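After this come two complexes, each holding subunit A, first together with subunit B and then together with subunit C.
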Partner chain A sequence: MDWGFILSNTAAQLLSPATFAFALAAMGLALHFGFAGLLNFGVAGFMAIGAYGYAISMLTFGLAWWGGLLVGIIGAVLFAIVLGIPTLRLRGDYLAIVTIAAAEIVRLLFLTTAFTEVTGSADGLSGYHASFRESNPFAPGTYGFGPWQYNEIDLWVLTLGLAILIIATLFVWRIVKSPWGRVLKGIREDEDAVRALGKNVFAYKMQALIIGGVIAALGGFVYALPSAVSPGVYVTSLTFFVWTALLLGGAATVFGPILGAVIFWVLQAFLTNVLPELVKAGPLDFLTSQQSSTIRFILVGVGLMLIVIYRPQGIFGDKKELTFVK
Partner chain B sequence: MPNKSLDLHVGEAKPGCAKKDPIMIVDKLTKSFGGLKAVDVDHLEIPRNAITALIGPNGAGKTTLFNLLTGFDTGDTGTWLFNGKKLAGVPAFKVAQLGEVRTFQLTKALSLLTVLENMKLGAKNQKGEKLLPALLPAIWKSQEKQVEEKAIEILKKFKLYEKKDDFAASLSGGQRKLLEMARALMIDPTLVMLDEPMAGVNPALTESLLEHILNLKSSGMTVLFIEHDMHMVRHIADWVVVMAEGKVVAEGEAHSVMKDQAVIDAYLGSHQELDLGEVTGRVNK
Partner chain C sequence: MLFLALVSALAVHPAYADSVGDEFKDRISGNVQFEGTPLDGVLIKVSGQGYEAEVVTDAEGKWRVGVPSKGDYQVTLIEDTLPEGIAVLEGGSTQLVTVGPGGRVSKNFFIGEGERITVSLTDQVIARIIYGLNFGLMLALAAIGLSLVFGTTGLSNFAHSEMVTFGAITSLILVNVISMPIWLALPLAVVISGLMGWGLDAGLWTPLRRKGLGLVQLMIVSIGLSLAARYVYQFIIGGGTEQLPGATAPKMQLFGAVVLSWVDIASMAISLVAILIFAYWLIFTKIGKATRAISDNASLAAASGIDVDRVIRIVWILAAALAGLAGILWAYFRPGIKWDMGAQILLLIFAAVTLGGLGTAFGALLGALIVGVLIETSALVIPNDLKYVGALVVLIVILLFRPQGILGKKERIG
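Our next item is the complex of A and B:
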C-alpha cells in the first residue's frame, strides 16, 4: 500500500472547491436550522440554482462570470421567497417535507428535456469558463508545495472560493451575534413567545431563509466553478451530505459548518483512496473495488446516525445547547 | 389586604356593565371551533389600572378569549378596542407593540437562551434587531447597554439576577413563570394579560408572584389574569369576570361575585341537587 499517495490525496482535499462549496452550503443551513430552527431539506435546490444560474447566464445570455454569480444570488432570493411565503407558517416538520419536494422540482426542471437548449438536460452544462479564466489575476505557472500544488486556474478558483467563504463566515458571525440573531434564536425556541414580545416572526424567518439560501447558492457557484454543472449532483443525497457536514461541526455554531465540511471531504478522500488499496492488499479482498467505493457512503450514513445520537451538538457546539433535545 | 380599587363600574354590576375608564371594550366577539361556540361575548369592558380576574370552569373559553384579544387567533365576528384602537385583524406582534402583552398557560421560556438573553429579547424598538443595522455594532451597542441595564434591574426585582447567565431551561417551573412575567415587562406594557400565573408555582413563590402582580398595578399598568385559585382571586382582584360556555355570566367585585347564583351554577353545575345519573340520562327516576 502506498501510504504517501493516500495521505497526499487526502491532504489535497483540505483546500478544494468541493470543500469550500460544502462549507458554504452548511453555513447557509446553519443559519436555517441551527439559528432559526427551519428544517430545510432543500439545500440541494439552492445549490443547483447557484450553479445553474451561473452557467446558464454565461452560455445562454453571454454575461460575464460575475454577472452569472449575481444571477445565481438573485435566483436563490426568489426561490427562498416563493418557498417561504406558503411554508414559513407551517410547523417545522412540514417545512422539511415541502423543502425536499421543492428541491426535487428544481432538479427535475433542470433535468427535463423540455429546456435542453438552456439546461443541457441530463448532460448538464460545461464549457462556460472563458469569462472567469480571462479575469484570472495569476500568471501561468505552478503554485504551492507538497500535496497543495495548483496551476493558475485552480489557484484562481480556490482564491475566489476561499474569499467568498471568508466573507460569508464574517457576515453570519456578525449577524448571529447581534440582537437580530437573538430574535432568530428565540424563534428557534418558541416562535409564539417571540411573537408575544412584539417581533414580526414571519419577517425574521423569511430573512433567515433568504440569507441562508443565498449562502447555499454561493456554495453551488463554487462547486460549479472549476468544471461542469451536472443534474446528477444536485440530488437529495447532496442535501444529506451537507446536513452531515453541518451536524458534524455543530448546527448552532458559525465555525462548525466549515470544520464539518473539511472533515467530511477529507474523510471521503481518505476512504476513496484507502478502501480500494485495502481490497488490493488483502484485508478487504471479499469486496470488489466497485463495492469498496460504495461502502464510504454507507459509512457516511452510519456516521450521521452516530453524531445525532451521541453528539447532537456537534464538535463545536455547546454541550448544553443540544438542538435535538427539547 | 392590598388596597383594592373600588367603584370601577357604572350602574349595576351585571354582565357587560360599563366601566368608568375602560382600557378594553369588547363587542359581539364570537369564535367557533366546528359546532362548538368557544367564545360568545356580547359586551365586556376591562377597567383601566385595576386587576381584573377572568374565572370560569375548564372549557369556558377564557384562554380562547385571551388568544383572540392578543391576535393569536382570529375571531369569527366582533370588534374590540384597546385604548380606543380597533384591534380586529391586527397581528399578534403588533398588538404586543401597542402595549398589550400576554403570558401563556404553558410557560414559554426560551429554553436555550440565557435568562438575560430572554429578557433582552423583550425590549422594544431595538435598532440591532433590523438586519442591516445588525451588521454594524456601532449603531446598536449603546442601546444594547441600556437594554441590559433595564433587564438587570427587572431581574433583580424578580430575584432572578443570580441566574442571568444560565439557560432558561435550567430554571424551575415557578422561576420560568417569573421570567416570563419579567420578560413581558421589558416591553413597557400598559395591559398585562397573564394566563394562569399561579399554575404549578410552589407556595413560597406564590407570595412573591402576587407581590409582583400588585406592583404592576401600583406602577400604573392594567392586569387581566385567568386563574383557578379562588383565594388568589379574592386576595388581589379588584374586579372579577366569570365566563361559562363562552359567555360572560357574571361580573362584579370579588366578594359579591362569588355569591352570585350564576357563578355557583357555572362552577358546580346547575343541577347540583340532582343525581349525576339523572343529569347524564343514564338513570330515569
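Our next item is the complex of A and C:
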C-alpha cells in the first residue's frame, strides 16, 4: 500500500473543479433550503442548465466563453421562474416532487436523440474550450508544489472556479445578513406570520429560488470548465449528493456548504484510492474491484441518514436555527 | 441504383454508420438484400436488455450493432426506409434474436415484393392503450403503497423505489441461488417483501417517529436509505441486467395491432386481482377502515381508540408487499432486473400519486392508469426516448390547475 500516493491524490481533491462546483451548488441549495425553507430537489437540473448553456452557446452559436456563462445564468433564471410559479404557493413537499421531476425533464431533453446535433445526446458535448483557453492570462508552465501541481490551463480553471466561489460566498453572506435575508428566514420559520406583516411571501421565495438557482448553475459551469458535459452526470443522484454535502456542513450557514463539499469530495477521493488498494493488499480481498467502488456510494447514503437523524443542523449549524420545520 | 440512392438520401439517418456500439464484444449483424441487390440506407433498430441502438445499412447492405450483454434482443427493420413495393415477407418487421454464449449472431430479414402490413392509427392507439393499462396497473401496485404510507404517516418515501427493486432481486436470488421453482419463488418474494416492510417500520421508522423527527427530516432519511439500498443491490448483483425465467416468452398477435405474451396477460391479471383484494380490504375490513380514518385525521383516529402504531405497521407491510409484487412485474415488463430498476420509475410513481391526490389509495390507482396510458400513447406522437417527459410535464401542469389531484381533498395542499 502506497500511502503517500493515496494521501497525495486525496489532498489534490481539496482544490479541484468538482469540489468548487459542489460547493457552489450546495451554496445555492443553502439559500433555497437553509434560509428560505424551499425543498429544491432539482439541483442537478440547475447544474445541467449551467453546463449545457455554456457548452451549447459556444459550439452551436459561437459565443465567447463569458457569453456562454451568461446564457447559463439566464437559463437558470428562466428555469427558476418556470418552477416557482406553479409550486411556491403550495406546501413544501409539492415543490420537492415538482423540482425533482423538472430536473429529470431537463436531463431527458438533453439526452434525447431528437436534438443530437445541439446536445450531443448520450455522448454529451466536448471540445468547446478554445475561447476559454485563449483568454488564459497565465504563461505556459507548471505551477504549484506537492500534490497541487498544475499546468497553465488547470490553473486558469481553478482560479476562475475559486473566484466565482469566493464572490458567491461573499454575496450570500451579505444578503442573508441584510433585511431581505431576515425576511427570508422569517418565511422559513413561519410563513403566515411574515405574510401578516405585509410582506409578499411569494416574491421573496421566488427571488430566493432564482438567486440560489443561478449559484447552482454557476456550479454546473465550473463542473463543465475543465473537460466535457455528459448527461449521465446530471442524474437525481447528483442532487442527493449535493444535499448530503450541504447537510454535512450545515444547511443554514454560509460556510457550511463549502466545508461540506470539501469533506464530501476529499472523503470520496480517499475512498476511491484506498478501497482498491485494500482489495489488492489483502484486508478486503473477498471483494471485486467493482464492489469496492460501490461501497463509497453505500457510505454516502448511510452517512446522509446518520447526519439527518443525529445532527440535522450539520457541522457548523446552530441547533436553535433548525431548518427542518416540524 | 439511382432510385436506391434517392431513397437512401431521403431516409432518416439518426447515425449514418453501418456499425454502432463497437465498444461491446457481443454483436448482432446482418445483410439486407433484395434479390441479390444490397439495400443501402435501411434503418435497423435493436432493443433489449435495457439497451437501444439504431443503425443504417451501408452500400453493401450490411449492418452491425454491438450489444452490452448476452440475451434476447428485438431487431426491427423499419419498412419505411425500404424502397417502394418491397417488404419483409416472413416473421414481421420485428424479430427476436438471442445472443448466445458465442456472442455473435447474424440476423437476416426475408425481403421480397409485397404489400407492407400497415397498421391503422385506430389500431395503434388501441394497442398503445392496452400496453399503457398493463404498465399502469403495475405502476398502481407501487403507487398505492406509497400513497397509503403518505396518508397514514405523512412521509414522502423516496426509498419506495428500492422496495420495488427488492421484490425483483429477492425473486432472482430465490430462483438462481436457491434454485426454487418459479411458482413458489415469486409468491415467497412478495411475502419476504412484506416482512421487509415490517422490519423497516419496526427497525427504522417507528423509532424515528418516537424520536420526534420532522417530516422533512424523515423524507431526507428515506433519500439516504434509497441511495444506500440502491448501491447495496449493485454490490450484490453487479451493474448488469439479469433475467427471470419466462421473461422472453413469445409474443402473440391477439387482435388488431395488439401483441402480448402470456406473461403480459398474466401480469395484468395478477395486478387486477391484487388491486381488487386490496380495495376490498380498504373498504370493508376493520383495519382498512381504520387506515382511512388515520389518513383523514390521525389524532382523531387515535382518540377514537384506534391503535395508530399497529395500523401503520400493517400499512408498511402491505405497501412493501405491493411494491415487491410491482417489482416482479416490472422485471418482466422491462424486461430484466437491474440495481436501479426501481429508481427508473420512482418519479412516475410519484407522478401517479400526485396526479390522483396525495394520500388517497384509489386516486393513486387512477393516477397510475392515466400515467401508464399517457406514456404509451404519447410515444405515437413524440420520440420514444421522450415519452416519460410527457408524464412529468402533465404532473407539473396538473399542480397548476388542481394541486390536490383528481381525488384529493383541498385542505391537504395548505
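Quick note on the criterion: the second predicted complex is superposed on the first by the 324 of 326 C-alpha atoms of A that agree within 3 Å, B and C clash if a C-alpha of one lies under 4 Å from a C-alpha of the other, contacts with A are read in each partner's own complex, and residues count from 1 in each chain.
The rule is short, and it goes like this: contacts are C-beta pairs under 8 Å (C-beta built on N, C-alpha and C of every residue); 3 or more make two chains touch, one makes a residue touch a chain.
What you are looking at is a predicted structure, and each value in this text was computed from that prediction instead of being measured.
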### Message
Is A:294 touching anything from subunit B or subunit C once the two structures are fitted on A? First, second, both or neither.
### Response
second
#### Entry: Partner chain in contact with A:72 - subunit B first, subunit C second, else both or neither
neither
### Task
Check the residue A:249 against both partner chains and state whether it touches subunit B (first), subunit C (second), both, or neither.
neither
### Query
Touching A:305 in the superposition: subunit B (first), subunit C (second), both, neither?
second
### Query
Who does A:114 touch here: subunit B (first), subunit C (second), both, or neither?
second
### Message
After the superposition on A, what does A:161 contact: first (subunit B), second (subunit C), both or neither?
### Response
neither
### Message
Going by the contact rule set out at the top, does A:178 touch subunit B (first), subunit C (second), both, or neither?
### Response
first
### Summary
Max touched-residue count on subunit A (subunit B vs subunit C) belongs to chain C
### Task
May I ask you to decide whether A:186 touches subunit B, subunit C, both, or neither, giving the answer as first, second, both or neither?
first
#### Entry: Footprint overlap on subunit A, comparing subunit B with subunit C
326
### Message
Please output the residues of subunit A touching subunit C within their complex, sorted ascending.
### Response
39, 85-87, 90-94, 96-98, 100-102, 104-105, 108-109, 111-114, 116, 236-237, 240, 243-244, 247, 290-291, 294-295, 297-298, 300-306, 308-309, 312, 324-326
### Summary
The subunit C residues in contact with subunit A across the complex are 14, 54, 156, 208, 211-217, 219-221, 223-232, 234-235, 238-239, 343, 347, 350-351, 354, 358, 383, 385-386, 388-389, 392-393, 395-397, 399-400, 403, 412-414
### subunit B to subunit A touching residues, read off their complex
70, 72, 91-94, 96-97, 101-104, 108-113, 117-118, 120-122, 124, 126-131, 134-135, 137, 140, 144, 167, 169, 180, 183-184, 186-187
## Note on the structure
Listed in rising order, the residues of subunit A that touch subunit B in the complex are 171, 174-175, 178-183, 185-186, 188-190, 192-201, 207, 320-321, 323, 326
